[in-house]
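The following pair of complexes shares a single chain, chain A, combined with chain B in the former and chain C in the latter.
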Partner chain A sequence: MTIVGIGLRNAWRNKIRAVLTLIGVAVAVIAFLFLRTILSAWTTGADNAAKDRLATRHKVTFVMSLPLRYVDHIRTIPGVKAASYANWFGAKNPNAEDQFFATIAVDSKTFLDVSDETVVPPDQKEHWLGDRRGAIIGDHLAKQFGWKVGDKVTLEGSIYPGDWEFVIDGIYTAARRSVDRSTFFFHWDYMNESLSAAQKDRVGWVMTRIDDPSHAADIAKRIDDSFADQETQTLTMSERAMNTSFLGMFSAILKAMNYVSIVILVIMGLILGNTIAMGVRERTHEYGVLRAIGFKPKHLVAFILGEAVLIGAIGGLVGVLVAVPFINQGVGRYLEENMSGFFPYFRVAPHDAILAGLLALGLAALVAAIPAYQASKLNTIDALRRVG
Partner chain B sequence: MIPVAYNVRSLFVRKATTIATVLGVALVVFVLAASQMLAQGIRRTMGNSGDAESAIVLRKGSDAELSSNLENNLVSLIKAAPGVKVGEGGAPIASGEIVVVIAPQLVDQPGQVANVLVRGVAAEVYALRPQVHIVEGHAAKPGTNEVVIGKRIRGKFTGIDLGSTFELNKNRPATVVGVFESGGSSFESEVWGDVDTVRAAFGRNGIVSSVTVRLLSAANYDVFAAEVEHDKQLGLKVQRESDYYEKQSEGTSKFISFLGSAIVFFFSVGAMIGAAITMYAAVANRRREIGTLRALGFSGGQVLVSFLLEAVLLALLGGAVGVVASLSMMWVEFTMMNFATWSEVVFNFVPTVKIIVTALLAGGLMGVLGGFLPAVRAARTSPLVAMRD
Partner chain C sequence: MTENGTAIIELKSITKSYFRGSEQLDVLTNLDLSAPEGAFEALMGPSGSGKSTLLNLIAGLDRPTSGQIRVAGSDLVSMGEADRAKWRSNTVGFIFQTYNLMPVLTALENVELPLLLTKLSSAERKEHARVALRVVGLEDRGNHYPRQLSGGQEQRVAIARAIVTDPKIIVADEPTGDLDRKSADEILELLVRLNTEFKKTIFMVTHDPAAAERATIIRRLDKGTLQ
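Showing the complex of A and B:
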């Protein structure tokens, strides 16, 4: 009989305990994977940000905008290939005021070239470019409100008060995971022409494509330096840095979730350790017999560790097998479709799944080490004398 | 009934197993209590900012001050509306305020910035918000570039500390002359300056974000709101200040509660399984004792109650450890973004009797659920078979 066979037999001797332990490990693995996936979904925007893109905003506050003329100036800076600009519009659907989605006024002539991960069918793009009130929306947003190409929609402005009428000209999908598929894009000119003189010709931020990602820092500095003497100064950073700084605002939550995922491992260890220690204690007498008929302490260690690793491995496997479809097909799909703004991509990362399985296995070996060590140090006579 | 002392002594026999189970339950109760305490802290912080006897006026369609713009001439119109309390000097107690967000450098993470809310306030603000007290230094003089800061952001950002100067915007310095507290509210994470200074610094002359007024009493709200919202052309929206801040905290505290509950759900499954394993082992190990008890005349029901009690005791012990540990979170400050203002607010973990009792009960419940099946098995033990072992 092999070690695996003995481990299986031993683990299965107390069926209730074996099943409970497996469930415990599996649940811990599911919880762990769930948290890891929230964390990776949260950072996916930063991780998948385009490397050849910079963003420029007002230096002091994102609440304030930049003069439109800055855009043309940025285009002349060496290393800049293309630039587009946008404003946060902040409108709501009056029929569903509590459902948040992003509304952004973009420079339509350049937007799709700079933001090349936003994919619109060519005919819809053509039509949108020629339609003053046209808008293109993400496929998740279209599904959420049941909007179709050709629909007339009215949004209620908050930063720019009033009712704004749009026509849905196109529905975009994403070529990259980081893209929020529930945004409402429309022509910046349509917004600008309706504003008062004081508000006119201001842009919220400028997106820039650069020729060489390795020069990003230099080009960003060049942009900021060129506005240093102006009344309004700029802050330029890579798209990744901008996404990361946004995440920084949630860093306390992210940190807390990281701690919690460690606590889950501790709970898993407690359950496993408890089970192994109990089994060893109950079998003290048997270990005495085994020693008496010639088995060495290392054999006892192998039996105990083998049993623990087996339970950990099976529990981990079950956990991963349940968690992956549950998260990818169930929760993840729901979140992607309904909360695309926060979680554009909510899937278990393969390396997290492998990590979870290995952790279950490793933790089992770790917590079994103490009972195994104690068993190996047993005095044969004492062990034989022990009952129960 | 079988004496409880029997169960207590039994728990002490197997120390390692008992400790492992207690720790498992303690961790669950800790996370449950801590997440509820944080949600409570968020509600308390935002709730303390708003006063039911004050009303805030925003641009219709705006959810928050940050996206609201009102022309300056509306301020005097709103102040003159019926229901507004008049101060000792004869002026209405009201503050037309401008709100902007700046991103100063963090002291403890060089090179990193975080958003801070800057509020330009009127001179009457201290009468309007009596909970605000200057605890160090003095109030900012109107018409100067002096500002006061909330005590929670003191020393967190470069230049934002008592006596130092920082730039609101380019060539717009502000000097910190005082530190204020306001009963733990979100104002304590803000910078307050003179309204004219702040809006001049950001090129927003002639505009305010909101107007907050003190009412004669909470009952005068309807009269005031009706008058201000009467002229639809003005496009104004009135809310009780308390409602406004409550709504702001809603999303964040719900989010924390939800996250906490989801985690607690998974955790409690683990803890219940731990309790069940321990109790099954206890029952199996004590078959002869159980047989003896039954032979002595204790009924199956009494054995069931006894073992259930033991499980609950075990779980309550864990609950107590978890609650005590969670109370230590009172000294932890949690900095998080307020979704409504995009700026950081410092929150505390606030324990309440309700949270503590609920967490303890949840721990006990885990004992009941985890211990039930093992207890049934104990109760079903046949005295004859058990004693023959």
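Showing the complex of A and C:
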């Protein structure tokens, strides 16, 4: 029997309250981990961006396009190994209009060299390069719509209106977990040749592979400087910065989620604090007895903190043990397969799981500190007079 | 002094006042008391006469407004709170009217509780607790929780807890107040035994004349003054 051990036994004194508190803490931990995983999945593209890749877009906004001739010029800039280009196409599957997926027109001759984390079987790649209407799609998108190699599909254009016919020539997988496995890539030439003269030969952005990531800033400046006196000026940045600027559109949502995760922690603290405060109030008389027989204020603090930390630790552990399989094997898989554009990799990060457990522990100790302090300041005689 | 000639409890010119707003309430007034070592004293008096206040002062739970208190050789007035807590754990055993056992601990663990403040090993603590339970006749109830014991048994466990540190003084606040006559008699018999056989000085507050009769000295307190 130890002083902390007695505190731990006190935790189970009111079993219903203890179990409800544990459930409350566990649910808060699950909700916290779910939100943290959404945030981490959302930013995983930026976090895992290639360091040797730059992206060049219109200086004003990525909605405006660049002349195609810029691509050849960029290829001549020292430090640039390869360059490719793409346009956001923005089409929908007319049979499932509410299901979003990215459609991008890419320069097929260079795309897979620059974007080497997009893995296509060699025979399918070969076939795609020779097929003007060919497309390669991510394995998650293929599964989502039941599309197979050889299928003919028609997409409905929004930015470029009309029905666009394609043939699925390949299904790509990803060498990195940050890659969206539900994108629809097709030949930029196929799109370009169908456009009016005014719209022709314009690219959305240029992706550049460079020879030395440590010179990325210099090379980016060289690219932008070379177009400084042109009518259309450019903005070149690392792929990570580009992904981050794209995420900036969702910054309000991400911030809101961050705040909600903090609110969840506060709620968890209140649940725990209420339980501990009730327990301390009910046991005031006992604390008086303990003080009378010689226990010191620090011993009462140990009783109370021991109890709180136990509840926090068990609640946190249960929450993590439930949340990890629930998210990784259940919700996460569903989201990766059906919303890969937003959540290419939806798994609980180990550091988030550890953080959630530690927060449950730390918050328990924090919220117990006030009742523990109050108990340590109890007047022994007043406490002995207190009933219940 | 009386009996053994040595006073274990000595109170001189004790005044204890409380303040309710600006109003001063004098609970004890200029009180002198001297109790010999090995005595079994009963303190009687009507409600509000200051019995519990006097007991708290003797047990080192409270300090007087003025006066001197010397118990078991220690000057309690000059001691700080932490020193008095340590002094209590070594010198005084407490018996309360409502037993005050911890419900989450077994009888043996309740008795062991004060020994957590000592340097004894776990095995030594358990052995001491068993001996104390044997003294009160409850060795076979060591694994029972308080809810599994009768009122008389709970009070006997509380007495075992009070004596487990081998204190010089036992203070008892209405120790039979919650018990039926038969259980009360058993408890009083046990207190007499602790006094005669184990030489414990006992200071007991009681309303019960039958309980007071077991004491060797009976004092009466009325309106803060010993009669």
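To be clear about the criterion, the second predicted complex is superposed on the first by the 385 of 388 C-alpha atoms of A that agree within 3 Å, B and C clash if a C-alpha of one lies under 4 Å from a C-alpha of the other, contacts with A are read in each partner's own complex, and residues count from 1 in each chain.
We adopt the following convention: a contact is a pair of C-beta atoms (placed from the backbone, for glycine too) under 8 Å apart; a residue touches a chain by one contact, two chains touch by 3 or more.
Please read all numbers here as calculations on a predicted model, not as lab measurements.
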Partner chain in contact with A:30 - chain B first, chain C second, else both or neither: first
Touching partner for A:60 - first (chain B), second (chain C), both, neither: first
Partner chain in contact with A:376 - chain B first, chain C second, else both or neither: neither
Of chain C and chain B, partner touching more chain A residues: B
Partner chain(s) touched by A:161 [first = chain B, second = chain C, both, neither]: first
Partner chain(s) touched by A:17 [first = chain B, second = chain C, both, neither]: first
Touched partner set for A:328, first chain B, second chain C, both or neither: neither
Residues of chain B that touch chain A when the two form their complex: 16-17, 20-21, 23-24, 27-28, 31, 59-63, 66-69, 100-103, 112-115, 167-170, 202-203, 235, 256, 259, 262-263, 266-267, 269-271, 273-274, 276-278, 280-281, 284-285, 334-337, 342, 344
In the complex, chain C residues that touch chain A: 56, 59, 61-62, 82, 85-86, 88-90, 94, 96, 100, 102-105, 109, 112-114, 116-117, 122, 125, 161
Complex contact set, residues of chain A against chain C: 1-3, 6, 9-10, 12-13, 285-286, 289-296, 299, 380-381, 384
Parts of chain A lying in touch with chain B, wherever the complex brings them together: 14, 16-17, 20-21, 23-24, 27-28, 30-31, 34-35, 59-64, 90, 92, 156-159, 161, 231-233, 245, 248-250, 252-253, 257, 260, 263-264, 266-268, 270-271, 273-275, 277-278, 282, 388
